């Protein structure tokens, strides 16, 4: 019974545990923590089972209420979606393990239970967005994700977090508003909400109502790039990711931004066939925006003094990489994008978590005051350094692999200019990450009045993520072997 | 706001609003309406009560933990109704296929899960709306760690 | 497309613009309530009574009240 | 200046959208693509399939009940978020 | 180059006006710095989309989809059902945004985004 209902259960498990946490109320903090953790373990197991199932059967479909697609809602899990579900659930589990001993020190005691519930709801919405095959259902989950993500930013309680939360909420509502208008347009000219049926009806609709489809494509592009923080529309991101609690920043940067890219991939490949995209200037647009994003994100990150803000600007640059792969649109480049979704999720999570540890242990947020911290607190600083080196793209680590595939894809498309962009940006990454690494390990040893100890959960998470960085760097054939058929599947329609 | 006329009229009109809201909820599958609209109408009666008598006396009528329980329990109830169909061998959130009694269309007690779901949604929306309003209008609560 | 519908639509546009232009927040909220009610009426005209009821209860009712509650705790003027 | 620029650009977008509008399927026409087999089934079979006379209720609580679960979740999220924000 | 088919535009006035209201809402959201005004603009924008959506489902001479008559043509119930969801979503987003605004007022003493940015710049 369970294997048959896996697609629904993967959404229901975190959702129901969030409901139960909210049912008991804010006083049961320990219960909330254990429930969240248990739910995430179950969720991760289910997601990995689904991943296995997609390698065997290809695509899994699930019809809610037994109603066939054009009438009911369908979950559609292909290889790409299964890959993303596995990333979301495992990162979610690791971050929750990290939160166990750290969260209570960062936010007020009486909102911790609510925090766990909101966290699980955010995870649910990410899974739902990725798995759903129905446009309006995707919109509902988009709204859940914007509300819960804004709440996870603002829950930090200080005035900056509140302001960032308001900005984030308003801009992402603008984004979902334009996505909804686009959905209305698409529904109007095709008569369906299910992606598969829209794709079938679209050529006929395009012959009759071309402008409508162009308009909806533009609206989708604006809406999703606002939410995914592609360069000129990234203004909300540094504030939000810089002022949120550590665990929220990790999840927001590592996962939430990427789910909108998954939606974008769905629109690009599942609805609008690839030869259809070439009629519109969407590809050059993406290339220009992502190039600017990569360069400007890195340059702005160099100018930051606050470590979390620096990491947030680095996310802007990395989102540029992922969109670059979609703009180049060759199989290798898309593999590079998908790999970067995985690798950036791991790298940014470890960077934010270790930065949060360092801030908590030393009280230092400024980049240039981190002198010698690595000698006092080797574990978090080593994790940070590993993440930073992977981010720069040092060969045996995982960041290199995705950049390699992006470069290969650009060469396939005869656009060596973008290889240059990737190289320049790696250099810029080195410019702001390496000084921290060098200074913290080779600088003068500072004197702290007391040496604090990290909780065991935090140490476990940092180690696990560090191992993941090395493993996905050395054995890159593992994800690439999974993704190659996935991308073939995408290009086949 | 503590006006005698407002209080008298509120006391007189609130039961009617509540009955009307309940009617909209219960007849949601027969006539226009449903859980969301009806729940909001029911909540608006309590909002009127808050405006006339103050949030504190409203808290006595509907304590916070009751409201919170109804909210979450409504959502859990929704999922539970959906899970019934898993054990009946169909997919999540099935109605007829899961063996809910259909009844005669047009009656109040008909349409199986739809009636139950609408009722659950109505209760949930009712308590959510009233909680949203009281939380927004109220000054900082002083309740220790609770 | 009847003239009555067009007038209602025109009224909606005017309400939206007015809600943007007024200085006082209270009047903006009241204009917004009028806008929502007109919207509910329009939906009734489009034969979607469910949406009309929900909009009248939620858009014109609860949203307005929530906005008033927020304004009562913050400032009245823009 | 900023206001004038904004207004001008909005008017430009508005004209563009009006061109789109005149291309849309005619309002209220029974032949528009929206009125395909999807609403037909809702309208013709929902009474026997779901037992509800109100087709809209039949859709939101039966055919597309998962959307409604999402909606319930949004409400719950909003209230949890609000309580968390106002408490910290 | 631009030739407007006025009859078609008159027929499609629902769509056109919905888009105009959408743009007005968008304009309110972008140009006003008062956060409560922004939230009102957000609501106006969303209701405009809902109007657009409901208008899609309308059929000339159709009745409301209460299926108790025989041999009548009904309007399309699907957009109505979707919009019910949309309205509730928009109310929840509004409520949450307002609670954030109230909290911001406690911290900064103003609900104006520009003033808040000014206060922040002075602090740094």
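Brief remarks follow.
Every chain is named by a letter (A, B, C, D and E) in the order it is written, and numbering of its residues begins at 1.
The definition used in the following text is that contacts are C-beta pairs under 8 Å (C-beta built on N, C-alpha and C of every residue); 3 or more make two chains touch, one makes a residue touch a chain.
Keep in mind that what you see is a predicted model, and the values were worked out from it rather than measured.
Shared contacts of chain B and chain E, meaning chains that touch the two of them, come down to A, C, D. Any chain touching chain A that also touches chain C appears here: B, D, E.
Set against the C-alpha centre of chain C, every other chain centre is closer than that of A. Chain pair with the larger contact count among A-B and D-E is D-E, by C-beta pairs in contact. With centres taken as mean Cα positions, chain C sits 24 Å from chain B. The distance from the centre of chain A to the centre of chain E, with each centre set as the mean of the Cα atoms, comes to 28 Å. Each chain gets one centre point, the mean of its Cα atoms, and the points for chain C and chain E are 10 Å apart. Annotation for chain C: residues 1, 48-51, 54, 58, 62, 66, 69-70, 73 touch two or more other chains.
In chain B, the positions touching at least two other chains are 30-34, 36, 71-72, 75, 79, 92-93, 95, 106, 125, 132, 135-136.
Residue positions of chain D touching 2 or more other chains: 17, 19, 24, 27-28, 32, 34-35, 38, 42, 47, 53-54, 56-58, 60, 62, 64-71, 73-79, 81-83, 85-87. Under the touch rule stated earlier, the contacting chain pairs are A-B, A-D, A-E, B-C, B-D, B-E, C-D, C-E, D-E.
By the touch rule above, chain B contacts chain C in their complex via residues 24, 32-34, 36-37, 40-41, 43-44, 47, 129, 132-133, 136-137, 139. Remark: chain B residues 28-36, 71-72, 74-75, 78-79, 82, 92-93, 95-96, 102-103, 105-106, 110-114, 117-118, 121, 124-125, 128, 131-132, 135-136, 140-141 touch chain D in the complex. Across the complex, chain D is touched by residues 2, 4-5, 8-9, 11-16, 19-20, 23, 26-27, 30-31, 55-60, 65-68, 73-74, 76-82, 84-85, 88-89, 92-93, 95-96, 99-100, 102-103 of chain E. On the chain A side of its complex with chain D, the touching residues are 15, 18-19, 22, 26, 64-65, 67, 70-73, 107-108, 110-111, 114-115, 117-118, 121, 124, 128, 136-137, 140-141, 143-144, 147-148, 150-151, 154-157, 162, 165, 187-192, 201, 205, 209-212, 215. For chain A in complex with chain B, the residues that touch the partner chain are 1, 5, 8, 12, 15-16, 19-20, 22-23, 25-27, 62-66, 109-110.
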